[in-house]
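Paired with subunit B in one complex and with subunit C in the other, subunit A is shared by the two complexes that follow.
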Partner chain A sequence: MNIFDRLMQIDRRWVFLFLVILCVIAYVADFQIPILIEPEVESIFTFIDTLPKGSVVFIPMDYDPGSMAELHPMTYAIVEQCWRKEIKVLITALSQNGPGMADQALRDIADSMLVPKTYNGVSYPAREVVNGVDYVFLGYKPYPALVILAMGQDFRLPFPLDYYGTPVDSLPMMRGLHNYNDLACAINISGTNATDYWISYGQGRFGFPLAIGVTGVSTAQYYPYLGSGQIFGIMGGMLGGAEYEELADNPGNAKDAMRVQLFAHLVIIAFVIMGNIGFFATVRKRKRQQREGR
Partner chain B sequence: MKQQIPRILVFIFGIFLIFQFFVPHESSEWVFEYLLDWNIIIGVFALAVGIWSLFKVHVEKIRTHKVGWQYSYITLGALLSMLIFGFTSRNGDEWGWFFVFWLSAVMVLLMIIQAMAAKGNTLMSVILAGAFAVIAVIIGAADNAWAFHFQTAEPLQATMFRRSFDFVLISIHATMFSLLAFFIASAAYRAFRARNVMATLLLLSALIVMSRFNPYLEPIFGEYLARTSNWLMNVPNLAAQRAIVMGVGLGIVATALKVILGIERGYMGKG
Partner chain C sequence: MDFATFLWTTFGAFLTLATFSFLYKDNPFYKFAEHLFVGLSAGYFTIILWHNGLIPKLMFQRLDDGSSYFLWLDSSRPWYLIPALLGIMMWTRFSKKYSWISRWPLAMYIGIGAGAAVPLEMRARVNEQLSAMMRDIDWTYFFGHGGFNFLDTTSGLSQLIVFIGALCALMYFFFSTPHTGLVGGMARFGIWILMIGFGASFGFTVMARISLFINRMQFLDQQWIQSAHDTTNPNYHWGYPLLFYLLILVVVVYIVREIVVHAGKKNTASTGPVS
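Entry: the complex of A and B
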């Protein structure tokens, strides 16, 4: 077996080992990689950044712990941006494990708000965010398509109580907030096909401004909706989260994890190139042997 | 009759909901709201049926000693544990006898499973299940350190429910998802070979799209890499995705019509 045959048949355990070593090095190393901003992410940031105080941004968090590495950073960056700018946030979670994710994110971001911060040169004082005033978390209901349609009539139909069991009508933020017409926009962060429902049954029927944050593997399938104007922005996977953190000047887990992702991609590209070198050399050798055989 | 009543119901509700979608009249919306409540009620029943089905499948697995039958105990034990954590919360800072109660309740379940799965004498399992049930009931009635909450969302904020989610479920899901990276790396190495024109196009597109996020390649390729990548996403990808989306949409309409008109009867367990 020559070197080219070996290049084609590297044991997958070597691939795993290289990947682990480089990922660990990238994770522990202390350097930042520059993030290139794409217009589809910038449009979401600009939309929220230009909203007046007191506007309501709706964030359906439809993802499970499996996709939290990619999607949690987007949630953290957007919700903190909203709260720092005194924009109210309405939240639902239409995937089974979504309520736990949303609850965890809200606790963490509320803690972060207790510290004064400076983002993009603007200083924001510490403040305590109050449930029912700064945000309302409506929770989970099954059958996302029907829940989305029902919320188009009134949020109270599927959610008479919020996640914490408080009647929605008793929450100050919900006064005058009935359906999608009362929102500035919705930003669906999803690791499931709930995004399809938000586009078809939500934006398609009720026409509110919608942006999405999805996992890296799903990003490509939602570009048609960006082209048609049904959504005004896409954040795709870890990179989308890192771009948002860069724009918000609020570096978090996504920017950190981009180091690991970049090195993992380099390992994959290197192995693909090695495999193809071996493949072409073997094909060439076989052809030469066939010619000589004749 | 068993066949016709479901078909008539599906026809009536299917046709009504198609028209309701396009009629924003108050009365049509009132009926839709009413049907939403039905939907949630049916969902709750489906959940109960699902749990019962899960229980039966795992008991059968234990009874017949299928591969990995031991894990069925863990699955059912975890199911009951999360139910208990989701319906209980502490009254103060003390745990009291909560963990003894929890362990007794889990043991009751395990003994019931053992009795159902055993092929011989089940008397000992039944006696033990009864004994653990008595312990659980006594602790549940007498211990004031914690309480059951069936009608409120209080336990969702309770320590055990949150910790189980934050430190068990999240870790398990994240671990499973992380493993994908290794399989993707291995699969990419084996599958991305330039065997023919189509495979070469796929390979080049994948390399360009993967590399567009690489800031260190920008000084070498300038903005050509990003431009080519954006073109790939916005032109060929968009065209293909549109075709798929429209095809899927038409397929959904055709399937829905077949179900409503009673041609497709797979939902009744028959084709």
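Entry: the complex of A and C
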């Protein structure tokens, strides 16, 4: 048995173990790698950064804890950027297992607002973010496509009450806020096919500016919508989150994870090359044996 | 972090390790975590649906003054009764005799869904995409805005690649003509374009899977390991490290047991069965 045969018979668990050890080493090692900013992420940052105070940004957090690894970093960075710049945020969670997680995330970000910070050379004082004034969390309703269409008429149709059971009409932020026409933009952060609904039923039907943040698995399939101008920005997976954190000068878990990603990808590329070499060498050997057998 | 929260965090760490143990092999810890996740998700979804769908939309209409109407009897929106009845009709599927009744709400649901979807999906996914493909090639910035930039998706070159790529990929699925000559060449190029697309998806998928693993590492480090040894915590006591090392002990015992069992199997295989 030569090295190529051994390569083809290697137990996949050794690959997993090797990858885990390398990831742990890269995680423990204290160094940073440069983050290349893509224009499709920068366009979202610039859009929010140039909004006047008091504007309303709509952030549908359509994901559940299974996708929070990839999508939480962008949510944290965008919501904090909005609040620091005194931009109001309207939130829904149209994934059935997401409302509790979204509520917790909002509380976490509200807590971080209690600390004064400096981002991109601008100092922001500490301030208390008030529910109903700085943000409204509408919560969950089933059937996202129908909810998106209904919100195009009035947010009050699917959501007469917010997530906490308060009538929406009694919230100061909702005065004069009726449908998508009253928003600066919507940034859909989604781990499900809700993004399709937002593109077709939301932007397609009502024509508001839409950007998306999606999981790595589905990033490639949404790039055509960027080229056609149906969305003005796209953040793909943890890398998209890391780029946004870099732009917002607010490093978090995504940027911290990029060095581990780098080494993990290198290892996987090496294994893919080794696997291919082993495969083709084995095929060649089998063909040679068949020829000699004849 | 108070001790109650740490208790749950330790349970989260246990479930994380139990889930990852499947990479080695299927085992009772993984089975426990898997069943817990499925049950918990179903239960959570049911409660969320009950409180966000059925209660506010079907049972009660809450008013600004805090009072509520029972919708079916005394409401400003009595027409909510119609979808409620349609919903109840769906349950007749469990009866062989009356299951035909469920076709009515189902037909209405499919009709509404198709009516809403067809024009909007056609516009967003077909018309807009076709229109984007047929735009004039930007010859002024053919190689990118501000100098040569292959990654500039708005450059004329990108537009040209998208146009030719889409045409060739469509040609691959055109089976009314034999794939020979020019058509064959275009179809072959179309396959390459599709493969590049699948490759991009695979790359992103790898990143996604590694992201999930990194997030779990961050959880274990930042929330579990650090909390277990955070002596600056005013609530800190011996229970924190005890829980931490207890879980570590469980992991170590499982690993040692597996090594012993594996070595035992190897010895049996080398000596052969005793007759």
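Following the convention adopted for this analysis, the second predicted complex is superposed on the first by the 282 of 294 C-alpha atoms of A that agree within 3 Å, B and C clash if a C-alpha of one lies under 4 Å from a C-alpha of the other, contacts with A are read in each partner's own complex, and residues count from 1 in each chain.
Following the convention adopted for this analysis, a contact is a pair of C-beta atoms (placed from the backbone, for glycine too) under 8 Å apart; a residue touches a chain by one contact, two chains touch by 3 or more.
What you are looking at is a predicted structure, and each value in this text was computed from that prediction instead of being measured.
By the touch criterion defined above, A:N253 reaches subunit C but does not reach subunit B. In the superposition on chain A, contact of A:Q203 is made with subunit C only, not with subunit B.
Residue contacts after overlaying the shared chain place A:Y27 against subunit C, while subunit B stays out of touching range. By the touch criterion defined above, A:L157 reaches subunit B but does not reach subunit C. Once chain A of one complex is fitted onto chain A of the other, the partner contacts of A:Q230 are limited to subunit C, with no touch recorded for subunit B.
By the touch criterion defined above, A:N276 lies against subunit B but remains apart from subunit C after alignment on the C-alpha atoms of chain A.
Applying the stated contact rule after C-alpha superposition, one finds that A:L171 touches neither subunit B nor subunit C. When both complexes are overlaid on chain A, the residue A:A220 reaches subunit B and subunit C alike.
In the superposition on chain A, A:F16 contacts both subunit B and subunit C. Once the two complexes are overlaid on chain A, the subunit A residues touched by subunit B in the first and by subunit C in the second are 16, 23, 68-69, 97, 99-100, 139, 141-142, 146, 149, 161, 165, 205, 220-221, 223-224, 227, 239, 261, 264-265, 268. Listing the residues of subunit A that touch subunit C in their complex gives 13, 16, 20, 23-24, 27, 38-40, 68-70, 96-97, 99-100, 139-142, 145-146, 149, 160-161, 165, 167, 169-170, 199-201, 203-205, 215-221, 223-230, 236-239, 253, 256-257, 260-261, 264-265, 268.
Across the complex, subunit B meets subunit A through its residues 21, 29, 32-33, 36, 39-40, 43, 152-154, 156-157, 162, 165-166, 169-170, 172-174, 176-178, 181-182, 184-186, 188-190, 192-195, 203, 206-207, 210-211, 213-216, 218, 226, 233-234, 237-238, 241-242, 244-245. Partner subunit B is touched in their complex by these residues of subunit A: 10, 12, 15-16, 19, 23, 33-36, 64-69, 97, 99-100, 103-104, 139, 141-143, 146, 149-150, 153, 157-158, 161, 163-165, 205, 220-221, 223-224, 227, 239, 261-262, 264-269, 271-272, 274-276, 279-280. For subunit C in complex with subunit A, the residues that touch the partner chain are 23-24, 41, 44-45, 48-49, 52-53, 56, 61-64, 113, 116-117, 120-121, 123-125, 128-129, 131-132, 151-154, 158, 162, 197, 200-201, 204-208, 210-218, 221.
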